[in-house]
Amino acid sequence: MNVASVLTQLRATTPLVHCLTNTVVPQITANVLLAAGAAPAMIDLPEEAGIFAGVASAVLINVGNGSSEQHKAQRTVALAARDAGTPWVLDPVAVGSLPVRTALARELLACSPTAIRGNASEILGLAGTSTGGRGVDATDPVEAAVEVAQELAAEHGTVVAISGQTDVVVSPSRTTRIHGGDPLLPLVIGTGCSLGAVVAAALGATREQPCPHDATVAAHALFAAAGIVAGRDAKGPASFEVVWRDALYALTPDEVAGLAAVEES
Amino acid sequence: MNVASVLTQLRATTPLVHCLTNTVVPQITANVLLAAGAAPAMIDLPEEAGIFAGVASAVLINVGNGSSEQHKAQRTVALAARDAGTPWVLDPVAVGSLPVRTALARELLACSPTAIRGNASEILGLAGTSTGGRGVDATDPVEAAVEVAQELAAEHGTVVAISGQTDVVVSPSRTTRIHGGDPLLPLVIGTGCSLGAVVAAALGATREQPCPHDATVAAHALFAAAGIVAGRDAKGPASFEVVWRDALYALTPDEVAGLAAVEES
Amino acid sequence: MNVASVLTQLRATTPLVHCLTNTVVPQITANVLLAAGAAPAMIDLPEEAGIFAGVASAVLINVGNGSSEQHKAQRTVALAARDAGTPWVLDPVAVGSLPVRTALARELLACSPTAIRGNASEILGLAGTSTGGRGVDATDPVEAAVEVAQELAAEHGTVVAISGQTDVVVSPSRTTRIHGGDPLLPLVIGTGCSLGAVVAAALGATREQPCPHDATVAAHALFAAAGIVAGRDAKGPASFEVVWRDALYALTPDEVAGLAAVEES
């Protein structure tokens, strides 16, 4: 399924994305999901989260800064999503450098995430081959994580997306690079975390004809295209954020496909 | 008290609104309160929240995504607000579809909220006559909840506001419809939750001459008027949010009264 | 070290600022740090936070609305920062008027913060000479807290910054006033809290040649200068916030030094 088809499907179905994410980004994550055509639901209480994972179109579990109560919910939800067949995304924020979330992410990995999205240091950290960068910052280049991502994808039957200047999406049989974005994009907090949520939205929108690799690529293409548009006139990260979020909403699927350069290898 | 008088009073008194709200919206809620002329205070720790409810001009309790510790504080605060005579607003986010918050909201309902604000599915869910929609999304039209809102209002001696394309404010003897807003408004996260906070601000500003129905209508009129202004030039939800929040600050009480169509029935 | 030198150093070193802050402001705090040239990391789990305080360039502990779990982490981190020699900033939000955070802030004060930043009521509340204002709002003028700030600075060997229309930075041997900003600045939530984070960033950037008073002044000058720029065209607090955050990013160190009036006394 090509980029435009996935995004058309996303806007036609308004997938409900259950997010268990870190304390810094719920507002921008929800706003980005709404702009992209999805519906957000943040539910972190263990008693409610497990139920909802079976109702939602897709789930995002982001192990960045969360409480111990939320971590309990994340464990419950990963199991519930797996059992209900709800597609779900694992975002291993700062995994590798911090012990609690590293253990948690590896435990969640056993619940068969449909896709994993992180920066190079986080993907290496999840696989156990790096110390995971400097907190949330990547200290490894994207290409340094591609081989490990291919191994992760093969071992867990999942899609692995590595975010960076050029994004790389890997699954057992394919590797796709997405060019676009803008240097200001990483200066807006939560754009990486929101990307994980939009990957979940794209997976949720295509549940009837599952194509997790294509759905993941389409989410990345949307971000890359909006980044190109926003970079044209921005005077700094705040005006960039406004134009970027507007572009997530206003760009047509065909415009996205025309702007983002998607390279299959 | 008419719309312009309530808003004039709000800006003259800078009511201090104690908010116990969900994890997604504290930032926009605080920004909206500041723009509208109120002062926000988010205090969720049970030991401090109970004390503060007696100090604040008004209280908002929003049962959307919160921790079990915050839920404990919400119980304490509802009782403290009732006992201190502090006006308070209940926002039953996603009540009906999620068990913990549904039980919590019904328990809080027994503490005599001055006003209740939610979408149609949430109002039906609170009353026990719906499954409460799809998470935070309303799946029922506003008018479908008016009768139940009238029953809730009569039974609990409260004002019930139902948010939608046209908002309806109901109290035992009155029903008022407010027209305005914009289709982009629900694509900005937290605008509904912030409306609950501004209802609390309007209640707090008019404590000396209580008129909860009029205060609730005025808060809705402010949101509707700012929505009309913001809809004129917005290119998407982010630019809409900027102009809308500026308009909450810049519109005069008379301009609000002129823009929002308030219909008594 | 003058204002321009500190800011040049900040942008050259991208200091990693570990923030334990309240639930309302993580997003704007992270965005402000990124715009100013620093890297944010919010880590609130006691098991991870203590470790990270020794890795970070600097730490911010803001005792505004936090959970009991986060408070535990704040205690651990203050000790870890002191022991590791990591510079750290204490922000005593609403201290004086709320009992849990007042006790917490006084306990943290014993761990030798490098700098303290608050409004006049909070500084008086921390010192025990005020009831601490109306929640987060200052009810005391800045100048009313200068003497107490000088005593605090002398007793704890720290820098004390008092925020207001004119900011005052006090250390045992110096008092500096920074003029600038805009009346719209306090109508954007989290600008005060973010200032504490940028003070930490400036301290982190200058660890090799510690000059905590100058670093604190430079952070305040950056905020004041961006406030002047943003105040020129703003139509309300939201458009102000966009231009202000852009200016934090775009102003050169020399432009900041030229815009903010720094007065030594």
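Going in written order, the chains are labelled A, B and C, and every chain counts its residues from 1.
Here is the rule we go by: a contact is a pair of C-beta atoms (placed from the backbone, for glycine too) under 8 Å apart; a residue touches a chain by one contact, two chains touch by 3 or more.
Please read these numbers as outputs of a predicted model, since none were measured by experiment.
Common neighbours of chain B and chain C under the contact definition above: A.
Annotation, chain A versus chain B: rotation angle of 120 degrees from the Cα superposition, expressed as a multiple of 5.
Copies chain A and chain C of the same chain sequence form an interface built mainly from non-equivalent positions, shared numbers / all numbers used being under half. A straight line joining the Cα centres of chain A and chain C is 32 Å long. In chain C, the residues that reach two or more other chains under the touch definition are 23, 27, 67, 242. Per the touch definition, chain C reaches chain A in the complex via residues 16, 18, 23, 26-27, 30-31, 34-35, 39-45, 47-48, 51-52, 55-56, 67, 69, 241-250. Of all residues in chain B, only 22-25, 27-28, 64-68, 94, 97-101, 134-137, 186-190, 234-239, 242 touch chain A in the complex they form.
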